[in-house]
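Chains: A, B, C and D, in written order; residue numbering restarts at 1 for each.
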Amino acid sequence: MKKIGIICKIGIPEPAEILKGLLPWLRQKGYETYVDMETTSILNMEGFPRSQIPSLSDVIVVLGGDGTILSVCRLVGDKGVPILGVNIGGLGFITEVQTERLYEVMENVLSGECPVEERLMLTAHVLRHGEPIAEYVVLNDVVVNKGALARIIDLETYINKTYVTTFRADGLIISTPTGSTAYSLSAGGPILHPTLDNIVLTPICSHTLTNRPIVLPDDVLIEVVLRSQTEPVYLTLDGQVGFSLRQDDVIEVVKAPFKTKLLIPCERDYFQILRTKLKWGER
Amino acid sequence: MKKIGIICKIGIPEPAEILKGLLPWLRQKGYETYVDMETTSILNMEGFPRSQIPSLSDVIVVLGGDGTILSVCRLVGDKGVPILGVNIGGLGFITEVQTERLYEVMENVLSGECPVEERLMLTAHVLRHGEPIAEYVVLNDVVVNKGALARIIDLETYINKTYVTTFRADGLIISTPTGSTAYSLSAGGPILHPTLDNIVLTPICSHTLTNRPIVLPDDVLIEVVLRSQTEPVYLTLDGQVGFSLRQDDVIEVVKAPFKTKLLIPCERDYFQILRTKLKWGER
Amino acid sequence: MKKIGIICKIGIPEPAEILKGLLPWLRQKGYETYVDMETTSILNMEGFPRSQIPSLSDVIVVLGGDGTILSVCRLVGDKGVPILGVNIGGLGFITEVQTERLYEVMENVLSGECPVEERLMLTAHVLRHGEPIAEYVVLNDVVVNKGALARIIDLETYINKTYVTTFRADGLIISTPTGSTAYSLSAGGPILHPTLDNIVLTPICSHTLTNRPIVLPDDVLIEVVLRSQTEPVYLTLDGQVGFSLRQDDVIEVVKAPFKTKLLIPCERDYFQILRTKLKWGER
Amino acid sequence: MKKIGIICKIGIPEPAEILKGLLPWLRQKGYETYVDMETTSILNMEGFPRSQIPSLSDVIVVLGGDGTILSVCRLVGDKGVPILGVNIGGLGFITEVQTERLYEVMENVLSGECPVEERLMLTAHVLRHGEPIAEYVVLNDVVVNKGALARIIDLETYINKTYVTTFRADGLIISTPTGSTAYSLSAGGPILHPTLDNIVLTPICSHTLTNRPIVLPDDVLIEVVLRSQTEPVYLTLDGQVGFSLRQDDVIEVVKAPFKTKLLIPCERDYFQILRTKLKWGER
């Protein structure tokens, strides 16, 4: 492991500040660094396009928040490069390393002591008139969501070609275990331990009060057919990319053929993160 | 009570069919009828603009669903004309009369035996840079809702000028008792008996898991300030009218100075409607 | 207002410590004090039975927690004596005064500046074979709850003699607004502003997933009939007194003919208490 | 497969009626039958103690409801005998065969066409002062539940010796996927597909509103320590067996070393059962 890719959140000053110390520290130890162009332009250094960094790197360090690391996980896709998430300004569910401990954890990463946690990803295809028109890979969730002005939508749902139900709701979240503490939790979904091989379906503001979140195995084919004429209805992927759906569009979701490899601080405690982020104190 | 206004749902054939029997029946009894133009054009009769019908009528019969009656209630506004809702094709929460019983209930209405139930309405103002730019009256709910592609929004909320909380959520529903069985219920809100003088605040997919629905007295001033830059964010009124909000817009909600007067079938049983509509059977 | 009753939580040392300062302070100002015997025995003073203190006092100061003040409110009943709740060791939903501010708030109480907030109470009767066998008054809630080993119970429920539904559940909470932030909240009920005149029915672990909390006006007669043979099933009142129910027992609940008068610190902010107690922070 | 065990629900007449046809039908085809003594005594036949039937049988037919089959699954334990559940008078989540289809499904069972579905079971140990004092095996759930008169309890919970949280609640449900549609669902838990290898922790009426259900892998050691002095607190197993817990008792739960083998009707549709039992219709 000689080549260290570094991708940073844009629009905040902290990553550049951190790099002023981190880059010399890495180079002195003999590592090559590949930093994204948006960040190096601030530092007056040469940088690399984000899209090339996964191919150039043995490991990628992300300086940002959960949004930044989600985009990097999609960028890495099937390349299998392990990712270390360093949270700027707090503690994230995915970017678990706090900046105070950056050098300590980097030592473990470079010496190979840092364990890798494999996280399930999902592949989503949109089919229109039976033809695939879009494909996405996500680490958190695939969300079908009506626009604010649209009426309630009907989402006819199949698992392995068997009819499940027609969700009458504001939308539907198809979430990985990693995504279970994101939007799915706000919509009433359960917490799934991040290493699980499960997919959870969580309806958003279901009109049918008995439609509860359903946890499934990861080897299923999920098909959601948009049955309503109401518009607009959107597909969002990890909360970031959007796609406008039409009546009778089919969203097919299966697990991705590869997993995200997250580097985990040695003594990390997942439940401690849950307690802190969800404020599990006395009432 | 001599003048009967009639307003129908558009785009379905049933109201015109019903009117073929109802209009002669009413005229034979000596009542004047004022039917909306959209419906009379199908019947080759002279009709009246919807907006004029409240001023022309002693009572208004609505043939449609909950959406139709909501629009009529807003149309009637402060004119105090009692409204009878006849549900086409089922049972509604507000349009409680089923078509099979139309003539029976009409007899009671005309003889003055039908009780009137007064329902709380809300007035909403939108203020931009401190200036009022829009005003609405609703029977069900005032909803602030992010667009499908927007991120979570911050809604700084005050009751009688006292800070309550900043909801971090997909949105916020400010509902009357009548509206408590509509969108608010899907978002996790309680059922309020429709004659209550209460307002309920129900967050939509709250990021803060402890933010529960709050029931308030009806004599409060509710102010919601949109604190997020994310766009689009919409105001919807009774699920039907939309308004695009900007950062720092203030939505002020108070009870309306008038109430909707609903004519209620004599032996109507509200809890029976709840049981039927919400499928309260054995599990 | 010359006579100050004082009732303290038993089994903790703080109240006696506070009284060592408070009693001389009050007497020096010319007030008579009536302290409960359990507390005065520690101080080697003469005391009074708790049950007599309401009749002896113009105002009662409670040093304890929400449990202590609930019992004092029931003790005061229809005597109309205003109560000041001082929370030992924290902040309570009902005992809103923190010990640091005791003297400051007492000054306001004694000068008559402290506003009184009237809180709805409930009266519950148990009828067996049509005969009343028990009567209770509560400030928080009347709860029917199956024992841990009993099976799910059927609670046939009527409002003003009209059938509502048969809750199939672990139990049912009939709560005042004051009680809405206690057990009802844990069971999924809404928060009711404490000054409201409403009663809320919240089922506990309902088998019927559509059975949501219902908010009612305060002028209703609620009747709950225990239809299951399973045993044991208990009635609990403000979480403290218990009564074993039998099949076909009827629990009748109406608002009490008197209200609890709580003395409220002048600049008290109810929503601030909600935020603190419910941990309404950023997620 | 020659030996057919039959175990029936006690106290209802239907099983004996069914056996009058089923037993001759089986014997004519050359099968040996082993029927429980409680049922044969009604039929004036010789029967067998329930506890012996698993050792005598190649397959066990259960005539009853979900409660009956749960007890048979615990009786079979590690003996690996497949079980067919026939629901008397309806449709159960576990007893999936309706009596109308009994002979059709029995043909499939006897010809070996009926697929076997393996269901995760849990083993629970209670430790007092570090010594095991009780052991149970369950198919649905292990529940710690306070008695109706006890106060809220503190359940200190560990996964694989790592502290998770201290649930302050009425209790805690540790459920299998099979049990996810039983008590856990009433307490707000998610639906888990029954073939999953997961365990779900669902708090009952949690005082801490952010304590959500957590889905875990099945290879964990769950330890729950009862930290409260309040009494009584009970352990219930599949809703049927009870055990009184004391302060500092530890409940250890792991997956059982064997699974229940359920015989599933060939064309069975799990989601159809969900839709029917949970009333997933249009709202």
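The rule we apply is simple: a residue touches a chain if its C-beta (ideal position, glycine included) is under 8 Å from a C-beta of that chain, and two chains touch if they have at least 3 such contacts.
On a predicted model such as this, the values are computed, not experimentally measured, just so you know.
A.B. asks: Shared interface numbers for subunit A and subunit B above half of all numbers used, same, or below, different?
C.D. replies: Same, since over half the interface numbering is common to both chains.
A.B. asks: Any chance you could check whether A-C or B-C wins on number of contacting C-beta pairs?
C.D. replies: Of the two interfaces, A-C and B-C, more C-beta pairs touch across B-C.
A.B. asks: Need the CA-centroid distance for the pair subunit A / subunit B, whole Å please.
C.D. replies: 40
A.B. asks: Just curious, how far off is subunit C from subunit A if you go by their C-alpha centres, in Å?
C.D. replies: Distance between chain centres: 47 Å.
A.B. asks: Using Cα averages as centroids, what's the distance between subunit B and subunit C in whole Å?
C.D. replies: The computed centroid separation for subunit B versus subunit C comes out at 36 Å.
A.B. asks: Where in subunit A do residues touch two or more other chains at once?
C.D. replies: Only 185, 207, 209-210, 212, 278-279, 281, 283 qualify.
A.B. asks: Quick check on the complex: what are the subunit C residues that touch subunit B?
C.D. replies: 159, 162-165, 168, 177, 180, 185, 189-193, 195-196, 198, 200, 207-217, 269, 271, 274-275, 278-283
A.B. asks: Show which residues of subunit A lie in contact with subunit B when the two form their complex.
C.D. replies: 145-149, 151-152, 169-171, 183, 185-188, 204-207, 209-210, 232-234, 236, 239, 242, 278-279
A.B. asks: In the complex formed with subunit B, which residues of subunit D make contact?
C.D. replies: Result: residues 209-210, 212, 277-279, 281, 283 of subunit D touch subunit B.
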